[in-house]
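What follows is a single structure, and I will ask about it in a moment.
We just call them A, B, C and D in the order they show up, numbering each chain from 1.
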Amino acid sequence: MSHIQSAAPYLTKAAELRAIFAKDAVERDKQGGRPLEQLRLLKQSHLLSVNLPVQYGGAGQPWSTVFRIVREFAKADGALGHLFGYHTLALNNVALRGNADDTARLYHASARNDWFWGNAGNAMSDTVTVRRDGEHVVLNGYRPFTSGSHIADIIQLSWTDEIEGKRVFAAVPADRKGITALNDWDGIGQRQTGSGTVTFDNVHVHSSEILGTDANRGKPFSTLTPLIQQSVLLNVFIGSAQGALAEARDYTVTKSRPCVDSGAARHIDDPWIQRLYGDLFIKTEAATLLADKALDAFDRVWARGHDLTEVERGDAAATVAGANVLAGETALDVTSRVFEGMGARSAVTAYGFDRFWRNVRTHSLHNPAEYKTRNVGQWLLTGDYLQPGIYR
Amino acid sequence: MSHIQSAAPYLTKAAELRAIFAKDAVERDKQGGRPLEQLRLLKQSHLLSVNLPVQYGGAGQPWSTVFRIVREFAKADGALGHLFGYHTLALNNVALRGNADDTARLYHASARNDWFWGNAGNAMSDTVTVRRDGEHVVLNGYRPFTSGSHIADIIQLSWTDEIEGKRVFAAVPADRKGITALNDWDGIGQRQTGSGTVTFDNVHVHSSEILGTDANRGKPFSTLTPLIQQSVLLNVFIGSAQGALAEARDYTVTKSRPCVDSGAARHIDDPWIQRLYGDLFIKTEAATLLADKALDAFDRVWARGHDLTEVERGDAAATVAGANVLAGETALDVTSRVFEGMGARSAVTAYGFDRFWRNVRTHSLHNPAEYKTRNVGQWLLTGDYLQPGIYR
Amino acid sequence: MSHIQSAAPYLTKAAELRAIFAKDAVERDKQGGRPLEQLRLLKQSHLLSVNLPVQYGGAGQPWSTVFRIVREFAKADGALGHLFGYHTLALNNVALRGNADDTARLYHASARNDWFWGNAGNAMSDTVTVRRDGEHVVLNGYRPFTSGSHIADIIQLSWTDEIEGKRVFAAVPADRKGITALNDWDGIGQRQTGSGTVTFDNVHVHSSEILGTDANRGKPFSTLTPLIQQSVLLNVFIGSAQGALAEARDYTVTKSRPCVDSGAARHIDDPWIQRLYGDLFIKTEAATLLADKALDAFDRVWARGHDLTEVERGDAAATVAGANVLAGETALDVTSRVFEGMGARSAVTAYGFDRFWRNVRTHSLHNPAEYKTRNVGQWLLTGDYLQPGIYR
Amino acid sequence: MSHIQSAAPYLTKAAELRAIFAKDAVERDKQGGRPLEQLRLLKQSHLLSVNLPVQYGGAGQPWSTVFRIVREFAKADGALGHLFGYHTLALNNVALRGNADDTARLYHASARNDWFWGNAGNAMSDTVTVRRDGEHVVLNGYRPFTSGSHIADIIQLSWTDEIEGKRVFAAVPADRKGITALNDWDGIGQRQTGSGTVTFDNVHVHSSEILGTDANRGKPFSTLTPLIQQSVLLNVFIGSAQGALAEARDYTVTKSRPCVDSGAARHIDDPWIQRLYGDLFIKTEAATLLADKALDAFDRVWARGHDLTEVERGDAAATVAGANVLAGETALDVTSRVFEGMGARSAVTAYGFDRFWRNVRTHSLHNPAEYKTRNVGQWLLTGDYLQPGIYR
């Protein structure tokens, strides 16, 4: 597809950022809170609009480029991978949930200003009350798990319009009066994702900020959000596995001492260590190939736009689900077992190698592999495409 | 590479043959011995020369087509996958071990006559004595593990020339006086591969039958045999996993009854069964993608011919090794666990589903995953390319 | 408990029989059918009444001795372990299902005559019709999975009395007119268990042969059958794992050659082989200890007789379930991986090492680990004892 | 063995302490450093001399009681389990390394004063220089991994006497001039174990503080230290697995919400969750039984005293090694997977559930399972008892 620009320059840029993020990733993992300097660099890179259409000022890259950037960041810092991915999701929700005018207006502005989008629309719990006040809707309450809202320029909101009985979406400036990101996330991993609480105290949302309905609402294309979420997660897993393996390899080569009972001159000559790294590498590579297949599948699905059929969407959902499960399983395994290759002296907080496992362990819980695996099995056994759902 | 013919027609032909092989695969697994009718069909298909250069009457397909045919056959019958792969290996050894004249002569004849090549050159044990008698070399002794020799038109031989201290290769008609394929293979799996003993009783090999030396002897290209072997094995594993999974799925959908404690109307509605098949499918798919990567790697290496460098060869060897390990591990797992999805009534010899596990278990022992995994680890840790060896 | 005779002489006798059974276990696995000579030796040993009370002519041993004999036989021959266990179960069903008179009459006769009991009472499927004819009940139809009926002296029958709406049990001579054991079992494993079909052609059962009701019917003690079944299976698993490991160890020590890439003088000096056997041994030992705990738990439960409470029974059921799951999982793993320790030459039918895997694979399907594992989890999470069920 | 006091009161006391330790275990895991209040309670309990002979003022308990206390503490706090175990090891080294006078003197004093013993004798690295000064030996240098030295009353030292070419042991007050426990341990787990550096600045050790040689020096009994170390570690693993499982179970029962796709009213009704907990429970129970077997084996070995043979010692070493391997493997698995049962909201630092995995991951690295597993395999394959070594 010659009209698509190569992803290479964006991935190169992402790799440069990853190298910078890596420098204090261990320290920032300890602190939690807000990665403000990293956000500044991200904005400067213009990667925040990397997959917006060129006509709106974006780079016009496919989603696979977005997910590869997620993966790249996660090699050093799962939280930044997560933040970048969920930002892009929130931003693209405009096209999925809104109409052409919303898209033009918000995409132009976002690309021009390098806005970072946060999400406070978690719909799993009914914790927000809504009332109308003239041209405004007024929100009170809170949302949990609001990743990215602690550093956002724009916050995506959503609620149920009880009169019309439908889900409503809006995008408002993060400094809107009454919105408070509590920055109270204190997870065992993914510590700078700001996945804590946002509170709403008489937050006024003007009708012009509410995404407009569109003739295509309800079509399969508008149900792609879960696949994007699952793709963000799976690429955080892949990046974490790759990063942990690479850091462990370097440590093992440069610092590990041979085991007293090994008889080996160098630790890397111990057949045990060779087998361990061989096994971790093979499993990581296989999971990566399945993840790559899922990227391709999602690019094809997205490219279909409003012509996308339920069957196409459902089959891609099975591919993404399978890749997600294997990526999570592999990343948990790799991020724990690398310590066996490095040895006792590697398990100190100064190195922070445990952040990889903590990140994956934390992230994988939002997304139970059990149900995804069942979905793939159901798809295989019944031959039916997967129905859209919260996690698929 | 537009000048390469599509593999599609050959794979279609292979799928047709696989469907025929499948009809009595269970029965032939019980019998062992010689798959003579299947050999007739193979010859008729001209697939035996599928990767010989077009100039010699072959189809000019890359090795990946060969290995995909191995995989296709192994979906129903691991032994036929093995036989086809090892035939192609023995045939191509002419180009690796001989000179241009040998190649022209033997390839033309083999393609024209649809010869099946067997292998009696196993060099692991010193069980053949050699003496000279004028223009002939005379062999006495035996070789074990001579896959395909029980149905071969041509037998590949090899021995050590003690005067010149080098390995010598020859190709002679299988009905050469003094050669006896004992057909004594009685493995627990891969039962029609004829992997038993060939005895030599004053077998005369004329000097014109000995592969000539060549200026390129000793170059990396001439050390590719182990990678072909490993690729045959890994694609037998992949095909076995895929075939077992497909047969089990069909059985489960059409025959399995719901478990008494499941509360499910259909067995395929049991979350356990969905999870099981999802898991087996995901793992099989990942192993297949890694196998596909190894096919590509080997095609690239082969295409380099005598320009192939040690580094290129060694890096491809690591890829093939990794794919082999994962394929074997996955196939062992899948071929055992499919029974859990099918249930108690599936475990009878009439269905013969256990042949998949027996085939994989047997085949994988020739090829210890332990050393391959270590090799991959060594390659990752040291950054050095893999050295040629018996299994790499 | 000094009044209980030591199990030692019975286990010694069982070990002697096992050594005899081992001699042609591979050959009999190939043949399937009836282990008649082994049955003769079993009768001669009087082990068939080993756990009948002394007052009836039995040896008065606890069930743990029965299960240890099952385990001992299964080290060489899973089918004989199964047959012995299910015989003892069918025999003891008299005490669980009948009254004191039935027990006295049938136990005396069985101990005196060394009867072998077969089971044709599988209640999972409604394949038998029943009518009354004066003092007789007349059966027509068939039963599947009738282990032991092909060599039985006495056959246990059961059906649903539709008038009284309850399950009825009877014990009749196996040569009763109209009963035919088709000997049509052709499993991939457990090949001499005769787990095929018994047909009933106007089989007359006299009312005196029907087990009488008893005041204790319905008490927890009368629901112990599933725990005995699960204990038979789990000890077949344990014995199979132990037997496979012992045979593999001996083969490895005496026959295996060092791997070409190992650099080891002896195969048993290869760190890989040491690790493999260490791992298999450790896992087998842990599964055995859990099995032993289940034996103790069942002995305690049985000793409580009609005083047994639902809670006591249900807690023992959780212990037996857990032991069964781990034993099955371990046995599948061990019986497959031992081949990796032995190497390529071990995978021939002459050695028959694959019978261990085939036996375990076959047997484990009657008894899905999934539901047992869930039961243990439910018991742990809810704190409620397990309710009786078909598999618990 | 009626002359041995029941362990029950000591285990009850340990359980009471564990409940107290649990209250701030999460907080203390964050802080690292010194568990001074816990140390005070430990001294008050007199458990520090629980296995000293009664004649010296100890409770005369066997080592199994010590290891069960280690396990009990580790249910809430792996560091305290570790500290208690290594204290008891250092204390008992007096009997292993010294003579009867040393034993009488130091055991009496330690029991009377409830001394806590720390270890600064790690012999893996040559980091201490030794010179003589009259009646004193003067040490300079440092020791790494000096668990317990940060809170010790007495420090165990060791060095190589170059003149006599043998290992020398001494016990000195921790406040001896020149000894500094840097309290610089900053592990990712086992954070209050003080496993950092102790420095020696002209530390004077008087000849009377050096453990005297004894006729029994060099006998198998004097080589039991590694088995005690391995037993401490394995019981920290078992306790961690049990503690993580119990805490997770309680969280799951009281706090977890059903998964959105489960259709279950309560999370504990989800078959996935039941299976998960069933599996974790079964594996933990099996590992515990193997650990108990190792406790018994070590009690028997210790009871043999100086009559202990090499064979007895070596066979016990294999049992301890196997139990250690399975305990570590199980604990790593359980402490990671419990999060899947608890769900996303459990992965916050307020609960600190990740400390179990971090503790096990850290501790298991000092003690590679690879070599232990090989040792067990070697013992099984060769039939030879294990030779003493640093880890066996």
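Quick note on the criterion: a residue touches a chain if its C-beta (ideal position, glycine included) is under 8 Å from a C-beta of that chain, and two chains touch if they have at least 3 such contacts.
What you see is a predicted model, and the numbers here were worked out from it, not measured in a lab.
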item: Which listed pair, A-D, B-D or C-D, duplicates the contacts of A-B in over half of its pairs; value: C-D
item: Higher-contact pair (C-beta pairs counted), B-C versus A-C; value: B-C
item: Approximate Å spacing (C-alpha centroids) for the pair chain C, chain D; value: 42
item: Distance between chain centroids, defined by C-alpha means - chain B, chain C (Å); value: 41
item: Centre-to-centre distance between chain C and chain A (centres being mean Cα positions), rounded to whole Å; value: 52
item: Residues within chain B bordering two or more other chains; value: 271-272, 370
item: In the complex, chain D residues that touch chain A; value: 124, 145, 186-189, 259-262, 272, 332, 336, 339-340, 342-344, 346-350, 353-354, 357-358, 361-362, 365-366, 368-371, 389-391
item: Chain B partner contacts - residues on chain D that touch it in the complex; value: 271-272
item: Chain B partner contacts - residues on chain A that touch it in the complex; value: 249, 252-253, 268, 271, 273-279, 281-283, 285-287, 289-290, 293, 322, 325-326, 370, 372-378, 380-382
